[in-house]
Amino acid sequence: MKVNLMHGAGGAVFSDLLGKTLTKYKNNNAGGIGLESLDDGAVIPFGDKNIVFTTDSHVVRPLFFPGGDIGRISVCGTANDLSMMGGKPIALSCGMIIEEGFDIDILEKIVASMDEALLECGASLVTGDTKVLEKGAIDGIAINTAGIGIVEKPVRDNGLKPGDVIIVSGTIGDHGLCIMTTREGFDLGEQIRSDVAPVWELVKSAMDAGEIHAMKDPTRGGFSNAINEMAEKSGVQVRINEETLPIRNSVRSASELLGINPLDVANEGKVVMGVSADDAEAILKAIKKNKYGKDAAIIGRVTEGKSVIMETSIGGERFIEAPVGDPVPRVC
Amino acid sequence: MCIAIPAEVLEIKDGNIAVVDYGDLQQEVRIDLVDVVVGEFVLVHVGFAIQKLSREEALQTRQVFEEVYAAMEE
Amino acid sequence: MSGGKDIKKALDEIVDREYTFMHICGTHEAAIAKSGLRSVLPKGLKIVMGPGCPVCITPQGEIDAALELAGKDCIIATYGDLMRVPGTKGTLDSCGGDVRVVQGVHKAVDIAKETEKEVVFISVGFETTAPTVAATLLTNPPDNFSILCSHRFVPPAMKFLLEQGEASLDGFMLPGHVCVVSGYEMYEKFAVPQVVAGFEPDDILLGLYMLVKQVKEGRAEVENAYPRAVSKEGNKKAMEMLYQVFEPCDVEWRGFPVIPKSGLRLKPEFKKYDALDKFGVTIKHVEKNSACICDKVLRGIADPTDCKLFGKACTPQNPVGPCMVSHEGACRIWALYNQKKY
Amino acid sequence: MKVNLMHGAGGAVFSDLLGKTLTKYKNNNAGGIGLESLDDGAVIPFGDKNIVFTTDSHVVRPLFFPGGDIGRISVCGTANDLSMMGGKPIALSCGMIIEEGFDIDILEKIVASMDEALLECGASLVTGDTKVLEKGAIDGIAINTAGIGIVEKPVRDNGLKPGDVIIVSGTIGDHGLCIMTTREGFDLGEQIRSDVAPVWELVKSAMDAGEIHAMKDPTRGGFSNAINEMAEKSGVQVRINEETLPIRNSVRSASELLGINPLDVANEGKVVMGVSADDAEAILKAIKKNKYGKDAAIIGRVTEGKSVIMETSIGGERFIEAPVGDPVPRVC
Amino acid sequence: MSGGKDIKKALDEIVDREYTFMHICGTHEAAIAKSGLRSVLPKGLKIVMGPGCPVCITPQGEIDAALELAGKDCIIATYGDLMRVPGTKGTLDSCGGDVRVVQGVHKAVDIAKETEKEVVFISVGFETTAPTVAATLLTNPPDNFSILCSHRFVPPAMKFLLEQGEASLDGFMLPGHVCVVSGYEMYEKFAVPQVVAGFEPDDILLGLYMLVKQVKEGRAEVENAYPRAVSKEGNKKAMEMLYQVFEPCDVEWRGFPVIPKSGLRLKPEFKKYDALDKFGVTIKHVEKNSACICDKVLRGIADPTDCKLFGKACTPQNPVGPCMVSHEGACRIWALYNQKKY
Amino acid sequence: MCIAIPAEVLEIKDGNIAVVDYGDLQQEVRIDLVDVVVGEFVLVHVGFAIQKLSREEALQTRQVFEEVYAAMEE
């Protein structure tokens, strides 16, 4: 069997590959939360605290897009996974694989953007590695970052409880639709901007305001993928109210134009969390104070059962499923 | 088939091109297939306006709909 | 959307027995799935999908031709829909060639203007889409541009379906955006209840209501539930352009035999834009060689769950037939939205 | 200016690129040893201990070669960098970038090999990420690993002192010549085997036996590159005695056949260290007890001055320089 | 290697004034650099490098031809040495084509047997190497195999050097492995002191000793310090094969004008293996357009440090001329091994 | 030019091929250019034996060398 593009798009197909191959490590846990959990990061007990540890490779195209670039994503992507575990981002590593002939000016811009994002995260890039491959062996550049954070009490993605309320920290689909419209030549300019941003401060204020039972960033596979993973791992049903989903008008228009479900595409500066109903308003208020949380909303609730259900605006119901493969713009 | 969405014509340019607005989102589309002026509504499919919509109907889809519906209820 | 709730109530009241209607438009299927519309229909009322998705009905031989062209150092421009449809030897997405997703044919021409390579646009679509290609070819694209012409007309397929008589249908929901362009006069020759419908959930509910009403009243005509966009005569300018560039021809549909006059080919004056001629590629008929019953699903005489492969060998992850590939394919939609129990 | 293959080969050319671009981060240090040091890893103080943190991307071709494979290298490469800082390897992350069409059977073999190496290292792979790129966007597979270790007193690569003795933990050039002869179709079969191995146990026994002033693994750019970096960063001269360099006969023959200096190619299971002369014999003895240290030898000494000098067997002298670009087999 | 120390002593004793000898073999230069041999020579004794590295003396036009072939969808097989030599538009290493390093011409033929693509072997080298190509072409390689023929003979270049008279040399160290094949009889016509030497440091020291001795004794003949491999007549079988396949021709050397009978071309019977013919590529003369003085360095009339670019615009990292590219190029070796002070 | 290294012939195979040993390293090389038997020494360049070396000379390079050297010293 061969790896195909679907395998890389998260969701059910990736789980197949993962389950069969990429989680076959017996040495997969250093004492806390390990690879077996497939959470946003691992947790390693260290003295009276915990180290959070995570990694992501970044291959976004185009390298620069409205609202961000591969450098900003490389830093935020990893810092946000640390944050999803409740961890304060401390230090990042950076492994770059670069194609021969790559423009050093562009590399400089990427580095500058990473540095700016690091400053915003309050983290440092402390160790790195660079490989240059011959022309054709890689398309431009790929950036891996790994990150270390510190947390006292980790937050998991599997802690949803019936009665919990689902909060999303802002509008859905911005990054994915920005990338797609930029990449496919829809000539929409800066009208749709990526939301790529570090969310640690937002997460911290939410944690300070109440009890967060589960948390995940809706990156690849989008909200659909994140909420399904959370529901499945927690053994609960999640019911989402279509009319409460925060989606920018421009993003909604673009999603209709491209025939793409905005819930299925990546966000790079958002959090989906399940919180106790009692704390929901306080947490929402705290999040809304953050500059990346202005559009936060309560969008659903957790019940007994399984699956994720969308309660549609005509009073119908349908499943929200993790997307199969990366969405492709379509006309029919 | 086929995805087509309504948009308002904001500007007509040379070469059968119009700038339209889908709702906080503007794009240039081809208007070879329709005769439109600024302010009219069109249905856009694969980057082409394929038909005009009357302004009222486009703005008030629901209202038209409910009229038909009301007529039925009789 | 208060209208929707009222219509729902009206529907609940009017439906008194089993009714099955067929829509023949993938966009209808997508809207139905997205809004969870089937979950609000009164018991007994059923809406099934016919051959309305250009991806599903494009025969494997045409995909193979596209793949062959991709192997000839051409830039292939295509709607995203076609990227993952399996040909005999893989998909456009993973063929390794220079395959680009475009919004429309004019963007493919833009690519051709910027390169010295050959650019081939995979030109699928019904009446809605064909005029955009015609309009583009009438503006004199560069010589390195050509199209793989795979357009199809809806009425001949509907005629074929009706003549088969296999599916026990009470009527048809006509494809709104096809009718925007073609109008609906040509459907009046079919002696079955038909309603042209739009794509909002309310539009579809209204269409269903009008269909049930027509059946109950013993009529068999074409009604229009989408008047804000559709008129009887359609877009005459668009249809004229279409016939300036294309002429009808007999062509195979996936799941169907050759249907007379159901396809479009380039007129002699525009033959220079025919990629098949230009590159000496021919379309071969590919016999289906699996247990896939897409053909029956497309003809409305089987549900996806009737297929032995459904959910087993054939899943959205590893599709066997085009109905599992297309976003609007009945098998895929059933697998994603209708199957899981809760 | 464009990135070229030389930039990826370590040594002086890479330093140019590094100095100008890839070290331009202001946020480069989390309180201990950061990116600015360009040591084998970073050090972050944590309570009364230190976290060591490092990363490497692995793109070795062929994927499987006599003595190892990309999986084993991915684990050892990072675990060894942790060891070079004196850190015990604890946990690794793994970011895989895979080309569509890659064989899942091969992926399984790679995973199994990583797992075996992890067991030998005593470390766990706790977090991961996988990206699948479309055919042609990457050549097969690239594996990034980052690693976390723990150390009380870090060892640097810049601590050489005049009077120190240079020890190498075993034969030089095995991995590089194995790869080169395998890749270029010299049909030498299993005659030359990579030395890829985890060296933590060896390093630990050396640290227990005496004082190690500086340590580095002679990976890309080989011994020549490692010893030059150590000398330059330490502000000393190193004098190597040609006749004491441990080089396997088969490797020497291959190096003549290919016209390649065995000192210029990578080792993946070796350590170069500078130790106080008084401890040298004890440390050497300890290293020789380890299964990867049997061929360890004292090969030189540290003096005042700069540069690395080879004292040749005919009584001459020449510089040992960091190689420029990856060596290419040659016939003249 | 006790011999070396004794010879060193003998050399110290015999050298009484300034002597400059030229070797014309890159492998000599590499051995000298690697062993730090210059650091043990007595003051006054100097050994300089002549046009002995096939990489350095291959004109830019021939590299350009190789790059042109790489752009024609051919598999290029080459010795690693040539990978980084700059042509007008880049190097083989970074041209993006399918360029493979091989140990020898027979491995390039092996590649051709396994593929349907065209395989072009970039065939450089002196008398040592050309017979291996001849032997291979005599075994009937497949039709998709051809060579870019860039072979050269040493004696005509030496003749040219001597006729120029620019370099004030006391004698020549003859290239041991060239003489292994060609023997050294043809060098006897040159009225200068010459010694054939091997490649161990001791061999070279011995060669130098014999050269000084010859000068001091006022002789000008060819002596053999490498008898374990070299005989006066060389490898007759190899030279016969060479002349079965190749014939001498006039050719340009980098840093030299066209030197009569200093190149090899394929005989008519083997023309079908000529890549230039096969692909319609011609070799163009490229005027040097920089301040690079490689030509003078190669002729022994300038040291690398005489070049304005040396160590500034021209470094091993960013070579300008071939003498900085080749592992055996004088400029590169000086930059890496001779320059840094300690 | 040109790198060439001594090797001992271990085995002769069909098609002008011999297995040689360079010193703990064996490889197949072409012997089109020389007539050799097992046990003889050859000089190998670009994968071809380009000349025979006498066994004694090859095994005892130093010794031969020192003889020449001794002769000079006279």
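Residue numbering begins at 1 within each chain, and the chains themselves are lettered A, B, C, D, E and F in the order written.
The criterion applied here is as follows: contacts are C-beta pairs under 8 Å (C-beta built on N, C-alpha and C of every residue); 3 or more make two chains touch, one makes a residue touch a chain.
Just so you know, these numbers come straight off a predicted model, no measurement behind them.
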Shared touching partners of chain A and chain E are D
Where each step is a move between two chains that touch, what is the least number of such steps from chain C to chain D? 1
Note: of the two pairs D-F and D-E, more contacts are counted for D-E
Average the CA atoms of each chain to get its centre, and name the chain whose centre is farthest from that of chain B. F
Between chain E and chain F, tell me the centre distance in angstrom, where each centre is the average of that chain's C-alpha atoms. 22
Separation of chain A from chain C, taking each centre as the mean of its C-alpha atoms, in whole Å: 35
I'd like to verify one number: the distance from the centre of chain A to the centre of chain F, where each centre is the average of its C-alpha atoms, in whole angstrom. 64
Give me the residue numbers in chain F that touch at least two other chains, ranges are fine. 1-3, 45-46
Residues within chain D bordering two or more other chains: 4-6, 100-101, 134, 136, 186, 259, 330-332
Where chain C touches two or more other chains at once, the residues are 1, 26-27, 53-54, 79, 93-94, 103-104, 107, 125, 129, 202, 328
Pairs of chains, among all present, that meet the touch criterion: A-B, A-C, A-D, A-E, B-C, C-D, D-E, D-F, E-F
Of all residues in chain B, those that touch chain A in their complex: 1-3, 5, 22-28, 44-46
Residues of chain C defined as touching chain B within the complex: 1, 3, 6-7, 10, 25-27, 52-54, 79, 103-107, 125-126, 128-129, 131-132, 135-136, 138-139, 175, 177-178, 180-181, 200, 202-203, 206, 209-210, 213, 225, 227-229, 234-235, 237-238, 241, 328
Chain A residues touching chain D in their complex are 1-9, 14, 17-18, 20-22, 24-30, 33-35, 41-42, 44, 46-47, 49, 51, 53-57, 59, 90-91, 93-105, 107-108, 111-112, 114-115, 118-119, 123-134, 136-139, 142, 144, 146, 148, 150
Touching residues (chain side chain F, partner chain E) in the complex: 1-4, 16, 30, 32-35, 43, 45-48, 50-51, 53-54, 57-58, 61-62, 64-66, 68-69, 72-73
Along chain C, where are the residues that touch chain D in the complex? 93-96
